[in-house]
């Protein structure tokens, strides 16, 4: 593999690439262990106490200055090395998903039934960024590179929006570039975006009554929710087909013999364009109001997730593309291949996806169908992101298969691809600050006069228990 | 049967009863034929041109002064004999029901598929009242009884509310009492009421669009209707159990590949108490508004039927009770019995209902589960009504079985019971005007300070085609 | 009040009534305190550990032999005194309702938000029966009356069906009569029944998928539930109006960005006639199957509550009627009157209900609109029940108003009426065992050859956490 | 314009192009008049008697042999000239759409309220193809070109599927190529497809009952339809986003006071891939079955429209592309420009669409979001189709705006572009039969071993009144 890398390296222009890659290699085993420890104790958003502390400890012992509990969130932190401009930020997520507990086996087998699991590979995400940060710091120190490298521990990406509170807290104000990545089933750099989303809790308040003796005196909050949701289903036909609307009922009454006085819906909508989404959201709100109107209940809305679509950065994507070509992919061992093939048999449709030994760099745009608070960062700082092959080809995030991969050597090899790419890209930027100027210009061009908007009010307090409800 | 009648007659106090009954007998065959001719050419509400003309002709040739096209309705008429007080009115309905075409056979067999039929026996209703009117007129003439007897031809009882326009036109202003009857499966006088109802058309206006190419540009009027109706279904649990809400979709879009720009619901709600009904109606209206709100369509409401519950008259019910006991029931012939038994086999549940040879007089109150514009008359004039056994025991109105009976000798024997009862009661009232004073007092007591209310505005024009839509 | 009682007493034939009433009086304060302690610490069905222990302790210290944890239920118990025939059973319930926590004030004010409360007055129910049992035991002991008096501590009446497991365990096999009561807003003995009910959990199993990235690969269990429930709403129009169907959604998905793989509905249906109910239930099951069919999910049904309608006992009702006339009602103090009037102002409609100073004894049948596992007992042993005025007139069970009353002196006065009635009736039966023979005959007549049926299989284990879900 | 054409012509290889274009010019005014006459008397599918006769007459008088009433359809016809191979077919549609009556004005203004209108421009479609056929025939005659040119008058494209019956009748068996076009808002040749569709009527049969007196005895057919449709709405989230499902309710009950014994839904589903559509259709059918199951009604399905997606032909698209480049676009007059601008103001969103003066030729694939029975033809004969700018840029088919354009000189200029393109392409094929061999090979490649499938059984009779229901 290394041979391939050298050959690929010829088409790039990466000074000191070998040195950077050696530094990543030197710490890879340690941060691989870190990723595994986080994977073994999955923690939900805003409750990633041990995961956050573990990463903080590593970075501190590697020479970073760590500030914990930033932006009013106990598990958020910053780790910094160096001083002055330019300031480059790597981001680390480490929250797990509810109900996705899984062993590192190619059959569905929860480690603990009903418990959370790393179905989005954030154990790798946070660890790879930390690995890269350490390698970058060592390179900066060795070569006396000017500027600051920071690692931002960003909690609760899965719905809690930790990064948004960090933006509100001003933590991105002096940042020149953010380099981000996400676990995936292939090594890819592109100009892809992600969906803007918006969500929250629709609470209906009715009047309780004995459901058998006096149902006519009751006003059912659950009726309000049901009428709203039926209306939302009718709405689906009349929104652009890329729209996504999904919901759960988090409270559907307390006892069947009592007309429900309270009911709650948790709903998220998404669209590639935040402005179109705002129009759709307005219509969803009308459905909710209709539910309250028809059931004679009272509606209350509690803002939840609200992520912007990702604004790609053409310049940084070029830098990352060069870096990934240099970083290269990886080969499966025989055991890994067997694991991958077993896992692929559990997937419904055949996967026509590239293997982990290849890297894909292009300028395609399109939109991934998930959402991330990295999108919000991309509206305030030049930001680029890529995926690395931590999951077996064909495996989608938020599945038990992804959770399984995230605990294996496949996941760890993928996180090394990510760390190599991040480290190579960051060092290139320190070496050529002009690229950061170009990145800023590319950022302004994509903004096209618009600016970041969010429904999460500055100064508001996160809903720390959002993932428990 | 006549023997029984004489025995029963002893407990009453009916002067000249024999004479009155003879006069009914003398015209019974002719009006029986009239009822059959109307039955053979069923006409929907406001379109009862031939039926109305036939009855007008009979009454005119029997010496009544006929005024046609009263109250702005071509098929409404008044027929009058005598002059001055007291004024007693008999009411005649003659409209048929859509889709209930039926031969006079005990198996479901439309005379003409999809055509109207006399499933409510109004061919008998109008004819029996006319038969009674003629007998009363002859008795008044023979004995020089003081006062006026009138026959009101009241169109479109099945939803068009002809009587309400006749009230608005002032036709009931000088009336002292109204004696009414309705075809049924037994001979009964009671203090029963009928349900108040309210109804109309909910029209939704949306935006058409190609349903495949641009569904997101359309706003579906049908969605508006569906969301409204789903909400109405949820409402059912939370209204008093005696409530009835029923609807049809009269326009559900014009082509499946076009987002419907128009949709229409025809809905009726009912409750024994008009005031409670008004509250329920308010909630139905909210469901409709919710449908429009959630689908971004425009709602228009067109008032339809609005009948008051029937206000019983304790005094007139006593008079009718005496009259029916004197009038007596009737016996089946062997052929009629066979017809009745065949018909009863087509009914789901066994009928524990009294036979046509008995008469039932009591003071039970309760509410029948249908509605009638005779209810509105009962709020402006002392009114009483009864049923006569024109249908085989167990047969409900608005069924093909009822339509079958209405064309047979069973129906005609029932209508004779009705005519005898009406004639005997009216003559008793002419003989004892004090009973009309008592009826007025009983009326005031039941009103209890309330007064007639209707959503049909004075001066508004009937929707003559309501039954065709 | 006592004066009134003596006057009323003349029409009865209650030997030793004064003595019995004195015995009740002597223990009333203590059991009033017991009722208050249970009220202050409301416990849900099958979790009434402290409440059950408290009543057991009282009865044990009053000389009863107590057996705890009977019929496989930790909080069920029997307390027995005497030996041999006849065997008369009083029943004590003591479970609270979820979400009805309330202070003893005439405004809605939870003692602890979201916590359970005694909205059905079972704190009084269990205490009054225990008070009566002690008085009866003392009277039996004093006069050497033959037979056995038992108190059955029956847990989880609110849906758990403790009594059914006690029937299955054979605890009613040697019983000659059961005397039961229930808190209400008036003192009434009649032949009223209660609704038969049936219920359970409808579980839908779908396929999880990322709701934004691959909704088309998911099969939503929540869709299954929603389609089922929409269909149930349409069903409401087409069942007899006395039917009741009510439900909550106990699991509506785990995260809004995951297509729900599991959803659960808890639904109860009721009708005065268990046989009609079975037909309706069959149609509800079709709605559930339709939900699974249309959403391509799998349906699982878990049987829940299943209570029989109450079979009245004409003979025991006569005994109870005599007893209640002797027991008499009670007067409000000025403070109680003020409390009552304040509370009544919180009720929507004016209450035309009898006051607590009157007693109502008649043979009306009809059906109360709630359900009870006392209904099941009534199908296996001659059983009669009545209500006592523990709630302010107009207050319905399962409301915060009822929960408030249950903690006041009004509730305690009502429970004394109940205790006096129970004690007088039981002693009459020991005195006149022939009445028990007549009660047995009346029981057989009402059974009319039918026998008790239940969906709760003999030997099955209760769902101890049913009220927590 | 002509100058432009000559310049463009240099890049093609069209022998005798000038001659062909002259022939089209010579007949353009006449067929423009024909298109206007058809536009003035819009006729619904299978009822295009006058439109069909008009086109037959023109072709007959121009020397074609006409056979009317082919394939069992009175308004279908073939018109033929020449003999032997190759056989090239042009297709002419002439049916209108219900409810789209419109004057040739840039404001919504029906010529006759509620009447049909040419909202898909088929008045132009049939006329342009006839114009081309005449020009081709003259060129063949003048130059002695070998082979046969045919015009197929194909009725009821808007849902009736006339072409499918013509395939079943063997009319396409000896055909070498079909050249087709469709009115649009731009001049475009590509490899675009259209959606496969499937549809039909879902009929529910219930039990009628008086909706107020005995709703519990009724089984509502409308409930069946509503439950089905609610389930279909829930289905939308879980099918691929390109799917289209749309429906109307063609019968929603006959009278609001009668439980509907009959209800009917007309539903169409579409997807770019017929095989995927079959899977989706299966799930829609389950929704319908669920509706019947839950409402205890009976379901009947009557097959309606079933069109295949369009199989592009790479070779014929090249021929058409060359022809259209030669044919060129057209310029607006000042009056036309004003009309266009007025009309565009009535469109919700700004139209970024090419003008009529440009032509667009590429190999893009994608799928248009409508469906056509030309798709079925494309599965049995090498077929290619294109659009010409008959509508103002931004105007979508099936709108009043399209209907307005179809009656103006804009529409007529667009149809001339189409006729020129068709004529040039056909003559090129007669001149170079090798291109037809290549077209056959391209056809086989796209088939990839599959063959045409349809739910319309061979020998079945069309539903001639489908558009009237």
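Letters A, B, C and D mark the chains in the order given here, with residues in each chain numbered from 1 onward.
One rule holds in what follows: a residue touches a chain if its C-beta (ideal position, glycine included) is under 8 Å from a C-beta of that chain, and two chains touch if they have at least 3 such contacts.
It should be emphasised that the depicted structure is a prediction, and the values quoted were computed from it without experimental measurement.
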Check: What chains do subunit B and subunit C have as common neighbours?
Finding: A, D
Check: More C-beta pairs touching across which pair, A-B or B-D?
Finding: B-D
Item checked: Chain separated most widely from subunit B, comparing mean CA positions -> A
Margin query: Using Cα averages as centroids, what's the distance between subunit A and subunit B in whole Å?
Written below: 69
Next item on the list: Find the geometric centre of each of subunit B and subunit D from their Cα atoms only, then give the gap between the two centres in Å, rounded to an integer.
Entry: 52
Item checked: Multi-chain contact sites of subunit B, meaning residues that touch two or more partners -> 215, 226, 230, 234, 237, 241, 246, 259
Check: Which of the residues in subunit A come into contact with subunit D in the complex?
Finding: 230, 233-234, 236-237, 241-242, 245-246
Check: Can you list the residues on subunit B that touch subunit D in the complex?
Finding: 97-99, 159, 195, 197, 199, 208-215, 217, 222, 226, 229-230, 244, 246-250, 252-260, 266-268, 270, 348, 368-371, 396-399
Note to self: Under the definition above, what is the set of subunit B residues touching subunit A in their complex?
What the structure shows: 215-216, 218-220, 223, 226-228, 230-231, 234-235, 237-241, 259, 283, 286-287, 289-291, 293-296
